[in-house]
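Quick one: structure below, then a few questions.
Chain lettering (A, B, C and D) follows the sequence in which the chains are written, and residue indices restart at 1 in each chain.
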């Protein structure tokens, strides 16, 4: 409240700040993941076969499934991080807003990939590289966010093992490099890069997260 | 929290995990059901009768009403299941994400049906079959989700009668077959299959759920 | 929970059912009111004046403002009703789903009015009549919902004065007739009917609701 | 509840009213900020360079980033205000609804700027002036909302220092004038005005808010 501003050492932000930050983040991520459906477009075939047209849309479905998984994993990671943060500062809020701004752009990048994946020239590669550049930016933003909080232990929940979290941080941050590699792969083969992006998300979903990422339990 | 990871036998996931899983699911389903309105398109008639054009859009309205009911029932079922689950594992989260991915595609399938329902050839049947194939996939995903939880009683709320729930499971899972039948009906008559889909949803809304499905109260 | 189904006299629905019903309703209404912005379309004017084009879009703005107010009032009313309902039955849930289905269609009807309001022929009147027919259907659905609950006092919160609420019901339900009148007015003048719809919403916002509608405080 | 209407001096509105008002506002703002992605459109280049086309879309990205930051700051401010308000009156609700109506229009204004920013004539300036006119209207609505609450201390949380808040009010309200200036700047240079809008939002994000705006902690 207005009068309590100086009561805490980091600008008077209370626990409820984080709760609201999470609520906004949840809302934004839920809408963004649902807007992916707008990238699935009804084909207009006239007298031709709708079935063939639907099958021919497989790049849209592949991009849809990949992005759904990517945003889903991001949501899990976002929660993993915020479960360990008790207080928000203005810097944290701005970093989180930047992160959300990048996540919200995923449906756009998905649409780009869906439209260009099967083009023969350089454009398919550019589309896929742009997608992974966005994924890289998101991974970096999340690393910055978590690193920001780790450097300010007074913002964390009291039961967070800060030393352990700091030891795990390099492994956490190194995850970003996979997207830098996938940008390069995009210029070899857009299709291969899309498969790689999907597999990386699947790997994070099953294996990596509970160990090297900020723990979830 | 980070340090509590080994405190519970299933990877440290706490009760709040399920709450958040439900919150994300609720948000996604609320957005998906609302995006159905984007399938209602303003007709552009010039000098002709707007009234006739609106009446001629009845396939859009029929598909809208059916899908609204379908997603509404799915929301009820999703809650019925999650009210009985206390802890989430990574496998459960991934199954739930797959389920959401399929539910979010319903506005696309609805648009497909609305655009092709009154076409004379095979395409109307293909559109309706695709719609029911999606419904079948959703029913199967929900059955997998509930079966997954039933095989891990340690994930369930303590007051769930696991034996009774397991006895009810075959009746629950058999519900999926109705959508397989509706795929076949689609190839007889798209209109009949749409009516069937609507009636099945209405039946679930009134009768079936409180008994054979995981109970709701 | 599964085992508690027979613990309450109305099918085992607990207080949390209503909370979730409200959460879904809130989510759906929040998305629907926000989707109204999609009816505002950027004019493409080439070398001509953007300013004139923006001013010429006033029917879009008028429809936007009216629908925003209408959905806002509906949200207030929906809460007024559900604050007095403790338990949900399947019938209540289905009635509420129907209500939401109609509310979600408002952006479509808004777009219809925005596109046809300034056409000279009958089409402007048909568009406005369709808008008010939807408003009438929503008012009727809300009346049915509240009447359903009033006939089942065991569903209500214990501090609701059922007798007083029943006495207020006729005045509540009579509100629907104003939309029937506005349908007729639409065929005299679409513009007059839009102004009427706006004024009715404004009247409800300021005066009527706290008295004859299910009370809010 | 219905029977408690006269229990409080301001129409029986309870604390939960504000909670719900905030929940609706949060939902609407989360959807509005996410709909900004719909202003990013996949370019269709045929055989030409997708990379050039994406780079050529920089006005869209600039408008996207600016509006994301603007809505994010608005969300923070909205919370800062409502954290200090305990009770809602109908006038407060209507003012808040007006505020939301203006915020929801931001994606439209963003699209306007993205489409016209690089046009050579007057239209770029008109688009940017319209954007800042909307920002001005939002700032005024927020000032009216906060002023409304400050004149009714019985609506505020008990620990709000009303005298201090009233002393800070002129500085708070003067913030609106920056948008009036930016409207004028728009007619000098649309690009300069966009940069100014971005910098103002960034300034509010870092500096201004915790002091002159209703305090946040």
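Quick note on the criterion: a residue touches a chain if its C-beta (ideal position, glycine included) is under 8 Å from a C-beta of that chain, and two chains touch if they have at least 3 such contacts.
What you are looking at is a predicted structure, and each value in this text was computed from that prediction instead of being measured.
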item	value
Those chains which touch chain B and also touch chain A	none
Shortest contact path, chain B to chain D, counted in steps	2
Distance-maximising chain from chain B - centres being C-alpha averages	D
Homomeric contact chain C-chain D: same or different residue positions, threshold half	different
Relative orientation of copies chain A and chain D, as a Cα rotation angle in degrees, nearest 5	90
Separation of chain B from chain C, taking each centre as the mean of its C-alpha atoms, in whole Å	25
Mean-CA-position distance for chain C and chain A (Å)	36
Residues of chain C engaged with two or more neighbouring chains	27, 31, 35, 38
Graph class of chain-chain contacts, one of line, ring, star, complete, other	ring
Chain pairs that touch, as defined at the top of this document	A-B, A-D, B-C, C-D
Touch list for chain B against partner chain C, complex	26-27, 29-31, 33-38, 40, 42, 44-45, 47, 49-51, 54, 64-65, 68-69, 72, 75-76, 79, 83-84, 157, 159-161, 164-165, 205-206, 209-210, 214-217
Footprint of chain A on chain B - complex, ascending	1-8, 11-14, 16-17, 20, 23-24, 27-28, 31-32, 35, 38, 90, 93-94, 97, 100-101, 104-105, 107-108, 111-112, 115-116, 121-123, 126-127, 130
